[in-house]
Amino acid sequence: MTNNISIPALARVEGEGALYIRTKDNKIEEIELNIYEPPRFFEGFLQGRYFQEVPDITARICGICPVAYQMSSVKALEKAYSVEISQEVYNLRRLMYCAEYIESHLLHIYMLQAPDLLGTDSIIEIAAIAPDVVKKALRSKKNGNDLLKAIGGRSVHPVNTRVGGFYRWPDTEKIKSLFEDFKWGLEFAKETVRWAAELDYPDFETEYEFVATSHPDFYAIYDGDVVSSSGKRVTVDQFETAYLESQVPQSTALHSHTSEGNSYFVGPLARYNLNFDQLRPAAKEVAKEIGFEVPVHNPYQGLIARSIEVVEVYDVALELIESYNPQGSAYAEFDLKDSEGCGVTEAPRGLIYHRYKVGKDGLIKEAKITPPTAQNYAQMELDLAKLAPQVLFDRPHEEASLALEHLLRSYDPCISCSTHFLKLKHEHV
Amino acid sequence: MRKPRIAVHKFSSCDGCQLGILNLEDELLDLVGAVEIAYFLEATSKIQPGPYDVSLVEGSVSTPHELKRIKDIRKESGMLITIGTCATAGGIQALRNFTEPGQLAESVYDHPDYLDYLDLATPVSQHVKVDLEIWGCPVNKYQLLEAIIALLQQRKPNLPSHSVCLDCKRNSTVCVMVARGIPCVGPVTRTGCGALCPANGRGCYGCFGPAPQADLDAMIPLLNAVEEYPGQTVHLLRNFAGYAPDFRKAVDVMLEESSKK
Amino acid sequence: MSKQTLEVGATIIISKPELNNLLKNLSDLDYELAGPQVKDHTVVLGPIESLAELPKGYTSQEEPGKYTLISTGKENYFDVTSGPQTWKKYFFPPRTQLMIFQQDPDKSPTWSMVSPVEELRRYALIGVRPCDLAGIQIQDKIFLADNNCDPIYRDRREGAFILAVNCTEPCGTCFCTSMGTGPKAEEGFDLALTEGKDHFLIEIGSEVGINILLDLDWKAADVKHQKAAEAALQAAREKINLNLPQPDNLETELLSNLEHPQWDDVAGRCLSCGSCTQVCPTCFCWDSTDKTLLPGDKIIRYRSWDSCFNPDYSYVSHGNTRPNTRSRYRQWLTHKFASWYEQYGSSGCVGCGRCITWCPGEINHLEEIAAIREGEPS
Amino acid sequence: MTPEQELISALQTIPWFQDLNPEYFDKLAGISSLIEVEAGEKLYQQGDKQDYIYVVLKGRVAVEIAIPGKGRTRIYTAEPIEMLGWSSVTPVVRQRTASAVTVLPCLLVRMKASKLQKLCDQNHSLGYVVMRRIANVAASRLLVTRFQLLDIFSHSSDEGSNV
Amino acid sequence: MTVLTTSKPISDCTSDSMLPMWAEIVKIEQEAPRIKTYWMKFKDPIVQDTYSFQPGQFNLLTIPGYGEAAISISSHPRHTEAIGHTIRLAGNVTHAIDRLGVGGTLGVRGPYGSTWPLEKLKGLDIYIAAGGIGLPPLRPVIYHIMDNRADYGKVVLIYGARTPEDLQFTAEHDSWEKAGIELMICVDSCDDTWTGLVGVVPMLFYRLRIEPKNSALLTCGPEIMIHFAAYEAIARRVPRKRIFVSLEKNMKCGFGSCGRCQLGPYFVCKDGPIFNYKKIGPYLEVEDF
């Protein structure tokens, strides 16, 4: 018996993709996570551009997490040109990242994944059942966008980020005016955690190798070394030797693997498992209140981890808003040289790595970008392969599709951001 | 009156323009009350077949599959609106149009031969009739909202087309070109962003595309005179709206002239 | 010669720090003080509280399309002339709500109109240059016409206090002397100040002006002070390099040269960006647009600054009546320097030079005028 | 009145002949005739080489061009004292560029065009009067044609302004 | 408290000139394809009783959300129990008015603008040249002349439209003729059923016997037609000062404040829309001015 399942268009993910599974005699013969996101050649476009253009260009990789791309690229370029950024720039970048976490996580929690957990199609339907929650969720999401706007001019592709700092200090009054909304946001974030804890998650666990950045003093987002649940800890410079992109037989997709050859998992669940200790009291308390103890191995519960991260970033943002008092130049001056540098930050959906070869003329010679979804790709397929037999053969087709889609969505895959994340249909005969 | 059925389609893009709809936090619930969202993959897994009263199209056409899809969408849409600079002018993908075919793929992919894409990433209007174009990388979500409201009110949307300069002045933003000698393409760029870059102390980089009747012949010598690095003028114009005809032709002429020298 | 009492027309002197008390008196009377200050590499107009915020020790170097703020280290507060902004933003704001329409709740097809709720502000404008003062007077003629005044302008204008400052350090694009608007303010102020080395000479222009001075430590200006001020103003007159000879003749000279080849020439350099109109203290064109708020029962009618360089400005149902840069530039220049006379009895230009400095296309409009005057008409 | 006299007095009512020497009226009468035509009659047909020029005295005559695929299109109507068929007296005599159909019952002066040309050749002062008239007729036709080409009343549908 | 003198000018004006008055559409008449007359009554009885206008003036019609449109008044200047605007459906506002239908409410402010100088033209022959949607602003002139026929000499209406079906107010033409107004009507194109003139408005001047010393021309229509009508009148030695034109420009505020409708030294909304050709002619002739 041949049973093919095809989900031609994945909904509620960022970007567009499809899933194709072929089975024979109750066995999975092929799983194809088909990304029909066209190749966009960003690394190619970057060659020959001026370094100061990079954050504007890389932002365009993804409209949902442009800040992640901007931050990783400016970090890599600052490394290359040996730029020391000021503490104030450092803080403002952390604040900007908090803003992106808020808008992106709220989007994923309420608009992309919650509909699955509540058996609805979209937030629009949730609004019909629970208008109050939805209104609050939208307000909280807006907080993130408002802060991004205050810092960067607009929330999608903000314009204020540059190598060395910011083009201009954001208006202090504008930043401070958000304080009360963020106080409300912190409380609502805690509500979200409690609400998330009550949801019914599919029973599905995998022993993942989690990989995330880690910082001794903070719950790492903007800054840190790369650590793994295997115990491996490397500096950013060593990232490419520890985590490789290689070609999988019979596929053209670049799959990320650890140097030991394992698939790994980046994203909120990885960060939560690896950096639980660095969470600030507000987040830790609410995590303990709901009994969400590490380690967690249920990918669906990434939603809970996300919700706790929202508490964390609101908490951090409040502190940074309160202490915001910019002095001096908003950016560092520096000399250009032939060099190379890399940078890592944590995008809302996982670790992101950039490396640039630059010239004394300021032009980019080579660019390499490893986005989170590409790194999770191998793990996603493994998880799908594991889930498929559980759902495909004893459930109605539609329900099975939904279950597989849900698993995929819980990863918060950002397909448009997968710069060279591509798998082509490869028929076996 | 029946609610208009709206579809949102994605082509080669970053998702940022359709995200503009989800980012209308204050208006979203009223909006979905006024229209029927019939197809919007990023927002809902409810997928309804066409025909649609309005299709909002994000992204440029860059693969054979997209080429077929845009024609299908046109057939099942009453009105087709391109949202954002990708759909309207090719967007960042169209930077590949300025390179030799295949060159980029080789530099990025190990097996470029497996890629299935068109040599050119092109605006939607190159393939099908477009009823309304909304510019911006990303679109201004309020322009998007205005377009939808205008649709509900059966009128033309208010989408001003003057240059960014006018908005800088209305915002009391100081001209970075005059006061600081920073290259800025605002004088030839379509308004819509709210003149963000000069407000942030930097020059406009033209993400809303050329203003109608933009005078690039007059602009280019001025930009050349204040370049911060050689070739900046080309970079500024060959950017997210670089494939828009006015910018494209201006750069072509410029490069041709400099190659003569 | 010097008068010993405070009366309209009298001239007094105060020490420089004493100006702080003058400003405080204004604040105490609930005026919102607005004045020049250094920001974004130029001088902008914004809220001030004291002398400390004024651009002390600055001057500017200005030429077509180029502005450089220069720190002189001098102790003067008012050496630097105006930046790109004009006072018109206080009386004729760049964006305002004209009215709000609210649909009646029963959805019957009637609308109620709500006036935009805006706190009425009384501004005290500190440091209005004579050219800008002339600009305000020109806008008064436009917006305070007897039969059809503009309520937004009227409400803001009528409460305002004007402290004018005579110009002793004109910049490179100033030509107020040609337009007869400066460097000395002649009328239309409550107080007019000339900055001396260690004092301010103040001419009293109104009773409101007297009121502000009552409790200050002032003394009557003596001949020496007056002479020094006059000498400084004379020096300023001589410093002004730009010249627009016989502006009154332009009404006929420009309007009879509407097909002059220079219009084509300048159209090749003009970016049609409209910056000149927006930085002009007298340009008054505006547009109104309706904005519908969802779910559709509330509509706000906005008004915003417009420009004859905006293609939308001259659109009619069958096309654009000024379809190119040539026609738009010609409209602007002939309106400002020529047809304004018939409309309002004066030139529309006050000689502040902003349209020259802040033209990103680096056009010196006086040179265009000269070319049209001198060259052979087509 | 004899038909001859009737014709001459009709010719005398045409304003642009009023400057002519009386002797010319006889000559003109010699090449002309007075015709009455019912409404709806075709005076001449586009493409034919009919050799007459007409002056409308009473009634209304339509000038029409046949457009393949679209049929006859009325481009002009001639009123009393207007001249029709001017193309038959231009220096290069061509085939009829349009048809002429009476719209109302008409009284017309019909002149033999080739003979009129000959008269004009022989006598330049007559020729001047005639050609001057024809220039004026052609100019006014041109103006009408331009206006029709401009289609000044066309509805620009929904383009542009807010109105 | 004594009032102190200040530097500010004193304005006695207290108008809130941008506020519309509400009116209800009471009747709609189809005049021609896409051209209708909308009859409206003000909702406020005092406004309704006191509203008056002169031939040639216009109102700004508004529907919230759609903006404003300057539309000439086409109804009888003395019969103001309902005010008529004859509108060609063109853009946002006009379509929105049309969708309102009878019973709909719209905002009206006005009347604005200059008027046809009918008092001054007494005793003269009046030539009225109208093309297309240029006839409605002249209809009040016709009504005025009908009411005061003895005040004027010969009165001729020269009126052109695209096709016979585009002709407006055809039901009234008989009554105009009966009142002693000569009608010369032409169309650009037609079929066999049309027995009238085919041609254009300026051409009809060829058929007129104008006594230039004693004549005035009032004209409204597409600008190009206005030019040529004026040229023909001037060619027949009608003095420029007795030629009057009604212009259309981008009128927004109605009282010369917004600047949009400038033509040389004039604001069309305030100094016009009716202009003496002697004054406006030189500017009209400048390309793209």
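Letters A, B, C, D and E name the chains as they come in the text, with residue numbers starting at 1 for each one.
Basically, a contact is a pair of C-beta atoms (placed from the backbone, for glycine too) under 8 Å apart; a residue touches a chain by one contact, two chains touch by 3 or more.
Since this is a predicted model, take the numbers as computed values, not measurements.
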Selected pair, greater C-beta contact count between D-E and B-C: B-C
Centrality ranking, top chain (CA atoms only): B
Furthest chain, CA centroid comparison against chain E: A
Furthest chain, CA centroid comparison against chain C: D
Whole-Å gap between the CA centroids of chain D and chain E: 36
Euclidean distance of C-alpha centroids - chain A vs chain B, Å: 25
Separation of mean Cα positions, chain D and chain A [Å, integer]: 84
Length of the line joining the C-alpha centres of chain B and chain E, rounded to whole Å: 43
Contacts with 2+ other chains: residues of chain C: 289-290, 292, 296, 315-318, 324
Chain E, residues touching no fewer than two other chains: 65-68, 90-92, 95, 222, 250
Chain C-touching residues of chain E, taken from the complex the two chains share: 4-9, 11-20, 22, 43, 64-68, 90-91, 100, 103-105, 107, 222, 248-250, 252-253, 255-260, 262, 264-265, 267, 286-289
Residues of chain E touching chain D in the complex: 34, 66-70, 88, 90-95, 131-132, 160-162, 166, 186, 188-192, 194-200, 202-203, 206-207, 221-222, 224-225, 228, 250
Residues on chain C engaged by chain E in the complex (per definition of touch): 8, 98-99, 101, 103, 109-111, 113, 137, 140, 142-151, 154, 157-158, 160-162, 187-190, 205-211, 255, 258-259, 284-290, 292, 296, 299, 301, 306, 308, 313-318, 321-324, 326-327, 330-331, 334-335, 338-343
Chain B contact footprint on chain E (complex, rising order): 65-66, 91-92, 95-96, 99
Complex contacts: residues of chain B adjacent to chain C: 27, 30-31, 33-34, 145-146, 149, 152-153, 158, 160-163, 165-166, 169-175, 177-181, 184, 186-188, 201, 212-215, 217-219, 222
